[in-house]
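Chains here go by letter, A, B, C, D, E and F, matching the order in which they are written, and residues are numbered from 1 within each.
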């Protein structure tokens, strides 16, 4: 394909998204492979230059576990749920804010734009309260487990993001919230991205992970487009399982609260972000209204 | 070349020109072939969307002659210079402002941006006085010829262009000036483009015509880059002749008054504008300082 | 009357209209007699200086016909309606935008203010679709006639006018619209003025033509004031006929969509515009609510 | 003269002064005859509406004396100079700020604009220090006389005036200053007007009093125009005497510090202000550079 | 108490009132004792510096009477109500605007902030009409008494106050209104303060007088807090009498029209204003919703 | 001391510093004792509310060492200088940005203001290059030691701080810079604070550490005030030693580049920040020009 044809193909999309706000969730894999991160960030910087307001939200689970082990702290799980005691929280925060977040911001600088790292306490962006106990099955008996310093978001104050977008920065958000007393709480990055997209009245929420999109029951193909209703049905009928559930739920939450479309795409393939946004056939699953 | 690679190659140029002002002279050929105009305007619209302030200046010689003949008015030339009487001026103005300019603005609308047609009297953009007589050789005797309603630009008031750029319109300028009493005068479009680039403190002046760039003496190759001094020398030593002289002179004038670089490229090849601006090897001649 | 008394008489009107928007339709006669145009434009410039936002909309029927003939193109009429084929449209556009509109802008410059010529495609001001066929009686049989490139306005985007007014320019609008594909269509100037007055939420619409105002059935006197209801009745009962109908209908349309008053005055008498606006007894017909 | 001709004659002046700042000193006579004040204020309101920034400065000597007598306080003069003790200052301030100034502001309201009364302490507009003693001849012996609470202006802070002009109010300034400790001091109104015109970089200073302008030595005619040098000479050679000296000196001070022209006109004749500004032949004396 | 503890105690209040608007009525006693005025103004200046928008409204009854007597004019009362003839109005205006108001503005300057004196005619702040006659009992027979130039406020135009607050001035309002013809009318200062608080959508109205607050029936204690309902009841059951009635009524009026709380505090005790606003236990009576 | 007297004493200082910018270096001790941090942050929040633009810069040496040990990484020193290898840098960054910085921002939220954590890569705030090798004495032989990932600041881009201050946030800066390729480098916090104060044209630089100020040679008293020259002399003559040298040098650097005064005060004593700024006798050493 000729250079000029590519740019021409991109043009209607550039026009459509110009001045719009897009929230992008960067999944854990982009966090551990610098090359994958680099191409994602290049795409993000290009989006910024063609006039799109981009907000990044990142996770970091795998790296937190790794650092905990390096510090001789054993991660604790009950029925598959991580228990976040205060020592774990401190490590999580250092890794998320001091390493992953900072690294993304430096990467943005490397590719020629200005990022600003934002934690949930900056400008009181994310206010949460402790999620409390959860009922799980342990050895076939139901049990109440206190997840510790894990938070449910109760308020999003998007002003700090709006102020930064107005001045053309790319905000990079770490999934750490504070409670009303200023204590840090760990929040799910998919959920945070969805809540932020809603608070910013974003046009799109994009979940950039390591899978190609939403797949059908026997994993033979990826849906290119799903309506809100179809996606809902896929959760209800058990087609969607595992880690895809929170991703898809945050997408549906966003769509149900005013976001126009949500995308689940594979960040491991180079420039998938650009291809999904700027070409006639996207590369992942797009979920939309009706 | 893969789509994403094209976009990546464009990125550093998009960053470099973001927020800059570029004045583009659209040559006569773009005016007579709608398809050529279409690809030029598509490029211009894309430039606008990636944050570049574009001002278009167009000519229209061939079409003026054609309309004059359709109206039974014979164009008058002395020693190759067109004599512009008031009837000729009226036709020229109708063609330039009412046909060519308006057509370009409609083309911009067709490709999704907002243009505004501007004549030299709009906001007093171009103030000129009659160029007066010129000494020419007729039948081997030197003779004074009054060119009629042809103007030398004496003042450029760029505020109307700045006001429109600030609001993200694409101004399209017809080469018609007014004198201090409000009478219209025909001005050379290359010269007008150069003067406007200077008044706007533009970053670039691009002359989009039907030749590939500045060629060497025996027309065997096109220079890719020329310094101001080299270009000056090519005029002095007679390498440059004919219609290329005013094009190059307006480029040199602009460079000598603060514009950073000037380009002469072939508008007949599709998307040459994008390729010159957004690829590592341009497609025409770039003239620059030192 | 002493100078100072004139200024004092004008004062309450200056105060009342300060900061308000007035749309003035300049009729065809002002277009062919430069002296009439001059006094109208002097008035308009004064209005601008006393803080009134003025938008001019002009017609140009007679001059289009004249130029068509000069170009050997015979105007075609069916049952009194002009058929606008593409050649006619091209001439109309050249005359309206390249001659009449440009001339008005130069006249504004001559009297010391800054005008900007605007065609319906500038900033997508006037979007229209082909009016289609009309049923007319030809030789006593009803017949469908395609009027050709004549447009019905379907959308007015007044932002370009608002942007120019905000910066204190006087916009001068030619009655040429574009369709969704960027093709030019001829629109009625009275209608365009009415639509623009509504889109700008103007205070007044003034129709400056060559008649003294709305006259009674036996043409013995001009009404000084008419309510919307009275004017409606004059149309219904057949008192109003001919070219006055579209003028009055655009006034009534404007009044029915939020404009506060509409005036029909004679532009052939010097400074009638000022006298209508700035003296206790106006000079034409004012149509108002209740 | 016909109404429309008056307005046309005014137009070039309206254009010239549009957006400019004019400081007008209202003399004592305008203060005691409500009808004279009314026509002056009507003129001022008209100036405001045609886009001129007007600042009024008023005096009030005669009325102060009158009120002092009403309050049983005998004005004290030494060699013709008023001695301002603290009781006199209190009365002066009440009359200037509470009566004259307030009355002017109400008059502005009556004619349809918004005035704001300003004393020298509002926004620290006028900072002064006690003028101290003056050497006068009493009974043929030279004597030092302390004038009391009379101030020499040492600093003008025009921000409050600029803030009000920006919002289109007409500021009305009473000639009362404060010293660095917040005590009130009486200042000469002519001097205050000159200082304010300089601080505001005004275009004009107009002294509206009860004389027709600067007269020649034998009082046979009024000068229509004087250069700065000619006016200087008239003071030096003794042509100018009495109360005209401070008026002329404040004019010269203003011209020497950047104001473009100064006018001395008779406010007793109705609308002289408009006639001086808006007609080809003024009505008083204009002093200008070179 | 240690310095730092005082500042820490003040902090939550500073935070709460930051950016809010507070209207403060300065009672007559502050007007006659310069030391009391000084501490009140110091407090006001501090409030301005911690980001609170303060508007002062002052009265001046006692001083008006005093000046009238000094000018040999006997105040006239019928059944305890002052009859304001035009001579009385002139003196009142001179004292209120030219003496008291000006003195407060100078005091603000002395303590390092910028005040601007405002009368009801400045920017048409307070428009009133004559209150007309009142029925009073004279010698046991009911009689209609015309109070003269006393006004009932019918319109408040707060723009001049908003414009000054936006530029960080402290407006000082004298209780003089104008009618539609520009004549001055005396208005009650408590009422004016309440009306202004409502027009500005103020957060608080504070009445600073010479009593400690609202007292119980047998004058044994001051209420610290009262709900709107409780305060209403105290008026209905006759607990509140005399001069406290208009103070309390203006508070209730303000609360009923959107002001959040009203305070009645003793201005004779130094810095009571700060203590009421910035300490945990206030010093007067606060009236609030529910 | 009475509450109101404290507030009055603070007033002139509040006025003086209103709208000014102050950069505060928070020393390591404030980082390890939450109670000390709390009182410092309370002071900072109060400064913000009284209209001062505060930027915090923090260090973190002790805690970095502690975390390194927790992660089984032995800090390496040569001749007392820390060698920062890439693993050390990663830990430093996590502690500085993810723990200390985040904790300060949460503390600001707890006391009612909005902080935003900023690392040197946010908005490209701090650009540095590797400091390179240093010559040290090891076992009496001179040796070149590569300090590793330690940076010398070469460029400060204060726009992100200005943007945040303009919107009334409190920026909290971690002493981590990036090089031109986006790699993180450790920079000295005292130096960073000085550079930032200069780039922001700050009014004051305050170094809040655990010592009372600059002491005389025999440590018997703390200087209350020092001129730039006197402080220079104290370094030259060896009075100043150890950790005080970088603190004082960053102060002198700031003063020599436009900052008006620098303070070294003890942050361990509660509210020393307020006492230094808002009381007549400060609590530490102030260094100033001449």
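Criterion: contacts are C-beta pairs under 8 Å (C-beta built on N, C-alpha and C of every residue); 3 or more make two chains touch, one makes a residue touch a chain.
Heads up on the chains, UniProt names are A, B, C, D, E, F = Acetylglutamate kinase.
All of these numbers come straight from a predicted model, not from anything done at the bench.
The set of chains touching chain E and also touching chain F is empty. Graph distance from chain B to chain F, where chains that touch are one step apart, equals 2. Ranked by separation of Cα centres from chain F, the top chain is C. Using the mean of the Cα atoms as each chain's centre, the chain most removed from chain B is E. Between the Cα centres of chain C and chain E there is a gap of 56 Å. Centre-to-centre separation between chain C and chain F, using Cα means, comes to 69 Å. Averaged Cα coordinates give chain A a centre that lies 35 Å from the centre of chain F. Contacts with at least two other chains are made by no residue of chain C. Taken as a graph of touching chains, this assembly is arranged as a ring, one closed cycle with exactly two partners per chain. For chain D in complex with chain C, the residues that touch the partner chain are 1-4, 6-12, 14-15, 18, 42, 45-46, 49-51, 111-113, 270-271, 274-275, 278-279.
On the side of chain F, the complex with chain A involves touching residues 67, 70-72, 90, 93-99, 101-102, 105-107, 109-110, 114-119, 121-124, 160, 163-164, 167, 169, 176, 178, 181-184.
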